[in-house]
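We just call them A, B and C in the order they show up, numbering each chain from 1.
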Amino acid sequence: MSIHARLAELGILLPTPAAPVATYVPVVVHGGMAVVSGQLPMEAGALAVTGKLGAGVELAAGQRAARLCLINVLAQLEAALPGGLDQVVRIIRLGGFIAATADFTDHAKVMNGASDLAVEIFGERGRHARSTVGVPSLPLDAAVEIEALIGL
Amino acid sequence: MSIHARLAELGILLPTPAAPVATYVPVVVHGGMAVVSGQLPMEAGALAVTGKLGAGVELAAGQRAARLCLINVLAQLEAALPGGLDQVVRIIRLGGFIAATADFTDHAKVMNGASDLAVEIFGERGRHARSTVGVPSLPLDAAVEIEALIGL
Amino acid sequence: MSIHARLAELGILLPTPAAPVATYVPVVVHGGMAVVSGQLPMEAGALAVTGKLGAGVELAAGQRAARLCLINVLAQLEAALPGGLDQVVRIIRLGGFIAATADFTDHAKVMNGASDLAVEIFGERGRHARSTVGVPSLPLDAAVEIEALIGL
């Protein structure tokens, strides 16, 4: 099954990818890998989840933010790769930054919102290495930011 | 000398690697490199060092946490690579996240607990690039998390 | 135009690269890529910008810190690569860590101090993927730390 058919089956519509607001680019392809810039939880052109885990943002909202970050990663890849998402051989690594308080401990559960979706969409190709950490603040008060390393 | 002989000489016993509690995997091998997921300071199946540097966790405890994170990185590689640790050609990069207060400044000394051990075990092959930063919180209140990029 | 000529045109003098104070190294070359350790805003042998964005460090000072971090990345590459900076085929990724308070939101503007300079110096080869996040504290109270992945 093509990745597009699988996305349709899951009811996921890829958004128009967010344009970087500076001199960097969303995706660089080099040496058989694609490096995807950190993506925020954008939905319909706006940040969907802002604030901190542990101070007002509930676990479910954090998981939704992580899921949206991954959808934005995929939208960037779809736009940047000549063959679109069907060129993805492996999701090698996801890096998850969770805006959180000092006493928050459920970062891994938040990040599962992205990891579970990666495997739902890509199957075994979607099983990635990952690092998940807390941060005090993210650009534009986003609740989560996720970057990706993709094998082509 | 094999890496196993060197570990024995240093009195280091690799633990059973911790299973990820989600859909991600501990190690992805792609394009001559192994990417190792962020590891916590696990010892005998439990988190050995929790809390923050600058708020109760002393420098020596932080260095021990970093050392344990690296030992867990090695345990994951030993389990994931067909040839085990003898397949490691180079430790390319370690990424260190130190749970710390805003006024803590000795992140580099904490991370040396991992860097020094990498060189003790692997010699020149163990000399890596690294980034070390503070974070407000880590999964399960771990004091340190370390990820790795390994050349095979 | 060689990168050295371009640096001269921009009035940028590469500093003597800072020696790591531990067992890690500033640059590892593997598989057609150079991984550069996290660099601090060093100038004339001393940290030029310390403190936090959102708590005393103004946006312009943060941007200057990011620019200095990139200049230090370039100084490390110049010293480590046999062919110096002319060997750089692509700046693949910059990772930016901004020492910031929980309510700071302008991390991207800070990081532009590095991204804009990368493109000024390298043109299209300087257009990189990037991730920018806040952190509570950095080694030696640095205001910014930047790591890099370079295609050779």
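The criterion applied here is as follows: contacts are C-beta pairs under 8 Å (C-beta built on N, C-alpha and C of every residue); 3 or more make two chains touch, one makes a residue touch a chain.
On a predicted model such as this, the values are computed, not experimentally measured, just so you know.
Student: Could you check if the interface between copies chain B and chain C is built from the same residues on both sides, meaning over half shared, or from different ones?
Tutor: Different: when the shared numbers are divided by all numbers used, the fraction is under half.
Student: Write the angle of the rotation needed to overlay chain A on chain B, where the fit uses Cα atoms and the result is rounded to the nearest 5°.
Tutor: 120
Student: When the centre of a chain is set as the mean of its C-alpha atoms, what distance in Å lies between chain B and chain C?
Tutor: 25
Student: Taking each residue of chain C in turn, which ones touch at least two of the other chains?
Tutor: In chain C, the residues touching two or more other chains are 31, 101, 135-136.
Student: Okay, in this complex, where on chain A does chain C touch?
Tutor: 21-28, 30-31, 35-38, 52, 95, 97, 99, 101, 135-141, 145, 147
Student: Contact residues on chain C for chain A in the complex?
Tutor: Where chain C meets chain A, its residues are 31-33, 54, 90, 92-94, 100-108, 111-112, 115-116, 118-119, 126-136, 149, 151.
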